[in-house]
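Dropping the structures in below, format is structure tokens.
The two complexes that follow have chain A in common; it is paired with chain B in the first and with chain C in the second.
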Partner chain A sequence: MPEWPKEPKQLGKEHVRYDGPIKVSGRAKFASDMQPGGWLYGMMLRSKWPAARISAIDLQPALRIPGIRAAVFANNPPFIVRYYGQEIAAVAGVSKQACLDGLRAIRVEAEPLPFVVKEEAALSDASPRVFENQPNAGDPRVLQVGDPNTAFQSADKIVEGFFQTSVQLHHCLETHGNTIQLNDDGLTCWASTQGISSVKDGLADNLGVPHDRVRVISEFMGGGFGSKNGAGIEGGLAGRLSKEAGGQAVRLMLTRLEEALAVGNRPSSFQKVRLGAKKDGTLVAYQLEAFGSAGYASGGMTAAGGGGAGFPAPYIYQIPNSRVQQTTVAINAGSARAMRAPGHPQASLGMESIMDEMALALNMDPLELRIKNDPSEIRREQFRIAGERFGWKAKYRAPASSPGPVKTGVGCGGATWGGGGHASEAEVQINPDGTVEVRCGTQDLGTGTMTVIAIVAAEAFGIEPSAITVKIGDTAFPASGGSGGSTTAASVSPAVFDACQNALRDLSVASGLADPRGSNWGPATSRLRINPVVARGRWKEGLSGHGAGGVQMAEVAVDIETGFVRVNRIVCVQDCGLVVNRLASISQINGGIIMGIGFALYEERIMDATTGVILNPNFETYKLPGAADIPDIEIVLQDMPERGVIGIGEPVTIPTAAAIANAISNAIGKRVNHLPIFPAQILGLLGKVPGVPVEERNGETGA
Partner chain B sequence: MDEQISRRNFLRGVGATALVSALAKATAVAQSAEALDDQKPVGPGPAKLVLQVNGHRQELAVEPRETLLDVLRNRLQLTGAKEVCDRATCGGCTVLVNGQPIYACMKLAIEMGGQDILTVEGLGNQKSLNAVQQAFIECDALMCGYCTPGFVMSLTALFNEKKNPTLAEIKKACSGNLCRCGTYPQIFKAAQKVAESS
Partner chain C sequence: MKSFEYAKARSVDGAIQLSTSESRFLGGGIDLLGEMKEYIVSPKRVIDLKTIPNLDRIDTSTETWKLGANVRIAEIARNDQIRATLPGLAEAAAEVGSPQIRNVATLAGNLAQHSRCWYYRQRDLRCLKRGGSTCYAREGENKYHSLFSGNPCISPVVSNLAVILAALDGRVIVRRGEQKVTFAIPDLYADAWNNPLAHNSLRPADLIVRVEVPTAKNRSTYMQVSEKRDFDWALVSCAAAGQKTGSQWSQIAVFLGAVAPIPYAVDSPLLERSGLTSDSIASIAESLASKATPLTHNGYKLPIAQALVRRCLDRITT
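Let's turn to the complex of A and B:
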């Protein structure tokens, strides 16, 4: 089995980003920046009805607008649209302004249909159906372990709670889209994507182009977070527009409004949780009844990987008896897609909240309750390390016990994520002048993949990362698979290392030097004649690992007169296997925590029941964390080289919201049970404004 | 009541000031109306425009409804400024106009004639970066990089005004910029590094 060097010179050190200079200077060309000669602007027409039967679309008026070069249907009418924002048609023209005029000119005949956009309403038998031939709610998935009924009877304490998490939008800053040229030679696509290979296959099949005539390029992309795994409907439309316009390239990037409607989200969750424990804190029984919506695609049509609204339960803690029932309900809204640790932040919120309720019922320290019931040795240790670093023992007080109108509170939570490596190839070329080029058909989502490749190759050859040229994001390079599930670093690093080992063997033969690395590098490579060394490698077992944990603790201040929450401090302890780039790993953790703060306090897609329209499709009304919202973040990054490379993009965003929710509950002495936790909810819970936005159904129930 | 400033005198004074200013305004409106009479109205088709971008004179014909951002990106190939929201909420399109950071998506290009426009491309190339750009690299203040040019421009404007800003001033300077990857802590660190080294 291959092994990483025991005393690495590059791995695990702090390396600046390979693509830093080109990005800070504004020279990095993203898909949205591509302007091949004669390029056209592309835009889409979307449904203004939450549900409607589209009987006719007339594109001719659009084609008569000056500057419009092509117009296409999304589907041939008649067809049914099932959410506000579903694709109807697209145009390409010489400018954005021409396209805006063109879209306005398209005539659509439609018969509006009844719709439902609220999960609770959609569950009712009386509700309009998203799909005519089936109920909105699918059959519940039920999973029973042990004998929960008997176990609840044997419990000394039982607590119950109702928790709700909202639909969160990905809101990648670069919107979804592509620049596509489809002519007689084939198809070239500059994509903003997490998976150039899947975009290639998707476009080729969709547009009927042989795979060997399709090339997808994504050198830089402006964020994905799980939502950019395929070419999307917008990709297929851009290809058809390009063809119809005589082979001119079409750049079709979505607008921010479209981004909020149609390209994915994290499903909502409504969780009724019951937990039973013995006096000493041993958990014995768990019950969950949950439902949630992944949008219209919950009903069966998976426009782009829309799955259900389920999540792992019970989450992370050892409970021998459990009954879990989860239902996914369709509504007339945009479909869900994978979003950074799909299911886990929702699962974490429900589980960690009920754990704190149980700790209160048992009069036990919430941290001790967790350590007692966590089956993971790594995470138990992380809870201890985080507790020391955070000062948990000194800071944890009875709920609402801090004096004055600004109450402080603390909370914690843990995470688990599978990750692991997948099949990936890479190619290394060693040139006679000693320079190295690594080619790999992966993509860099902002996670630092290019830098990882340079570090691994430099380590293998005993040279500096600055001597390595990294080429990625092109289907002309060896295939590497998609970047999802925190698998990229764990897939790419072993493939590159393997390619380097193969190249070293070839270089050794060609140069006659047994070990061409390090100080021998110059002499060895200078003996290469005309042909450089080119070698391939692939992902191998043993260089990557899987299964990351992670623990976070939060300290908040809540103004009980205004309901305003400030997160003062987050402490994070994270394992990551072999750390490749310490600097970028810290950045990745910061980023996950900050996205978790958004999920906890600000982010919620709000649908209007009366009109079926999203009410907050922009950054004025859908709030992302900004400069003023960032707490002090302290990170303990655990280096465990013996486990191999493990991705951490996902676990680091999981426990943040639960830790914050617990900290707020600890501060105000009332259980917050709805994410995001907005000021009105806090004031409602404190009885300072009429009506509690979310019904209070928590607390000890007996036994 | 103070003898010097009786209520009556005060009000009389205000009245006179208001009258003078109203007259001045009326005159100004009349003058600009005359000026408009001499000018042909522009639009809705393309109108001629001369822009001064990164020290270069650019002669263009643009529709009055085209934003500065549209023109920079789609006509001048200056794609460093990004279109993220197109509604002045994210700062991805931040450029400097006469040294002041503005959202390029919120200015019509035809308003920008004769102004000194600086985009991220005008700060230097990959080999000659300014202190903010250099600190961004060293502190890993970027991930996907899509918001990066906007933050760089906002902070460059701050450091042009003030060599040694506080952390609060740094955060305020970035308050009009959004980052979805969550690079804020490293951006603050980078800016503090620039502040300390000056």
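Let's turn to the complex of A and C:
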């Protein structure tokens, strides 16, 4: 089995980004920057009805607008649209304004239909149906382990709670979209994607182009978070518009509004949780009844990438007896897509909240309760390390016990994630001047994949990363699969390392030097003549690992007169196997925590029940953490080189929101139970809002 | 947006001559361009005011300071004289938008900006304020909406500067055709209290020329609570100002923003008396409760308003 070097010179050190200079200087070209000769703007017409039967679409008025070169249907009428923003048609034209005018000129005949956009309403028998032939709620998924009824009877303490998480939008800073040229030679697509290979397959099949005539390029892209695995409906439409326009390239990038409508989200969750424990804190029984919505496709078709609103439960802690019932309910809203650790942040909120309620009922330190019931040895250790770094013992106090109108509180939570490597290839070329090119058909989501490749190759050859040229994001290079599930570094690093080993063997033969690495590099490569060394490699078991834990602790200050929350500090302890680039790993953890802060305090797609539209489709009212909202973030990277490379993009965003919710609850002495936690909720819980009764505290229900 | 004529004004008179009932004046453009892009307004002519010389001056040569319509918000926030003499005005300016917005947005534009109600701004809806028949917010998602309103529209005024200028007894000098009209701040918004279609009392071709601020009130402050720490609209804003001569207090005024279509005056006989105590401050804040009409999702604004009234009065009187 291959092995990583025991005493690495590059791996695990801090490396600045390979692509930093060209990104900050604007030379890096993203899909949204592409301007192939004669290119056209593309834009889409979307439904202004939350549900309607579209009987006719007249594109002719659009084609008469000056500058419009092509117009196509998204579907051939008649068809039914099932959410505000569903695709109806698209145009291509010489300017953005021409396209806007073209879209306004299109005539659509539609018969509005009844709709429902709120999950609780959609569950009612009286609700309008998203799909006329089936109820909005699918059959519940039920999973029972052990004998929960008996176990609850044997419990010394039982606590209950109801928790809710809102629909979170991906809102990638570069919007979804592609620049596509489809002519007699074939198809070229500059995509903003986390999977060039899947975009290639999708476009080839959708547009009927032989695979060998399709090339997809994504050298740089501005974020995906799980929502950019395919070309999307917008990709197919751009291809058809390009063909219709005589083979001119069409750049169809979505607007910020469209990002909020149709390209994915994290499903909502409504969780009724019950937990039973023995006096000593041993958890014995767990029950969950949950529902949530993944949008219109929840109740039926999942072809759009919807899937369900389920999540893992019980989450991370060992509970021998459990009953879990989860229902996914359809509403007239855009479909969910995988979003950074799908299901886990929702699962974490419900589980970690009820754990803190149990700790209170047992009069036990919440950290001790977790360590007692966590089956993962790594995570138990992380809870201890985090507690020490954070100063948990000194900081954890009884709820609402800090003096004055600004209350402080602390909370914690844990995470789990699978990750691991998948099939990937890479190609290495060693030139006679000692320079190296690495080619790999992966893509860099912004996580630093190019830098990872340069580090691994430099390590293998005993040279500096600056001597490596990295070429990725092109289906002309050896295939490497998609970037999802925190698998990219764990797939690409072994493939590149393997290619380097093969190249070293060839270089050794060609140069006659047994070990051409390091100080021999110059002499060895200089013996190469016209033909450089070119070698391939593939991902191998053993160089990557899977399964990451992760623990976070939060400290907050809550102004109980205004409800304003300030997160003061987050401590994160994260295992990640072999650290490849310490700087990028820490940067990625910062990003995950910031996204978790958004989930905890700010982010929520707000649908209007009366009109069926989304009310906050922009950064003015869909709120994201800004620089001023970011606390001190302290990160402890648990280096375990023996486990190989393990991705950490996802676990690091999981426990943040639960830790913050627990910290706020600890500060104010009331259980916050609804994400995001705005001042309105806090003031309501504290009994300060007229007309809002103070709810009975979630928590102990007896024994 | 729809196509339009673009004209540069070289003087206030020139701007007035260029204006029609279907034209709009362009200052920083922060609000106007957004509305045009969403097809909420589609003026036939846009008259750029940035080309008018000296309209961005701050004149502090007399006891009443004159701030030109084009003074940038960033300038108000950082101007040393304003920070020293009218601190509440600088504080309110510093809370507007982001640094980028403050560098471009103007004083007059901030005062004349339109509703930020998310139903009003939704491109496919036609709410009461846009000439439709229904205020969707009343029965809908109203967490950002008014606690006090004299008409069915519950969209609140969101200008930070209006709130502090009201407390400072600022006056807005407006050209209406050949006439000069002077509005006290409450009058500048009075129409919005009764008329759901109105954002303020200005007519389409009215041009704000400058704002005059007396400097007699030597104590002032502004505070707001938002969901985020920075670059966010106020859930509730509050400004207080008063004159302290020796140990004598006079003319204390307190206004709230984002809770009514107008800067909402906190009226109390206790403000008239000299010498506020913590008890009287508390009871002034308390008195808001009986006047407010909270809706499904905005009742939480009341305790925030009360806290801000207490804190603003505490700050100026201690």
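Points worth noting:
Everything below uses one rule, namely that the second predicted complex is superposed on the first by the 694 of 703 C-alpha atoms of A that agree within 3 Å, B and C clash if a C-alpha of one lies under 4 Å from a C-alpha of the other, contacts with A are read in each partner's own complex, and residues count from 1 in each chain.
Rule of thumb we're sticking to: a residue touches a chain if its C-beta (ideal position, glycine included) is under 8 Å from a C-beta of that chain, and two chains touch if they have at least 3 such contacts.
Predicted, not measured: the structure shown is a model, and the values here were computed from it.
Of the two partner chains, both chain B and chain C are touched by A:Gly626.
Residue by residue along chain A, chain B and chain C are tallied for touches, and B comes out ahead. By the touch criterion stated above, A:Phe564 is placed in contact with chain C alone, chain B being left untouched.
Looking at the shared chain after the overlay, A:Ile606 reaches chain C, while chain B stays out of its contact range. Looking at the shared chain after the overlay, A:Leu683 reaches chain C, while chain B stays out of its contact range.
In the superposed model, A:Arg107 lies in contact with neither chain B nor chain C. Once the two complexes are overlaid on the shared chain, A:Gly20 sits against chain B while remaining clear of chain C. Residue contacts after overlaying the shared chain place A:Arg527 against neither chain B nor chain C.
Of the two partner chains, chain C is the only one touched by A:Lys48; chain B is not.
By the document's definition of touching, neither partner reaches A:His211: not chain B, not chain C. In the superposition on chain A, the residues of chain A contacted by chain B and by chain C overlap at 97, 620, 625-628. Contacts from chain A toward chain C in the complex involve residues 48, 84, 97, 100, 257, 561-564, 566, 601-602, 606, 608-611, 613, 615-616, 620-621, 623, 625-629, 678-680, 683-684, 688-692. Note for the complex: chain B touches chain A at residues 63, 65-66, 70, 73-74, 77-87, 89-90, 92, 119-121, 123-127, 129, 133, 136-138, 140, 142-149, 152, 171-172, 174-175, 177-188.
The touching residues of chain A, when paired with chain B in their complex, are 16-17, 19-30, 32-33, 35, 41, 95-97, 171-175, 220-223, 225, 253, 255-256, 445-448, 583-584, 586-588, 590-595, 618-620, 624-628, 630, 633.
By the touch criterion given at the top, residues 1, 116, 118-119, 122-125, 136, 139-141, 143-144, 225, 227-233, 235, 289, 292, 294, 297, 299-300, 302-304, 307-308 of chain C touch chain A in their complex.
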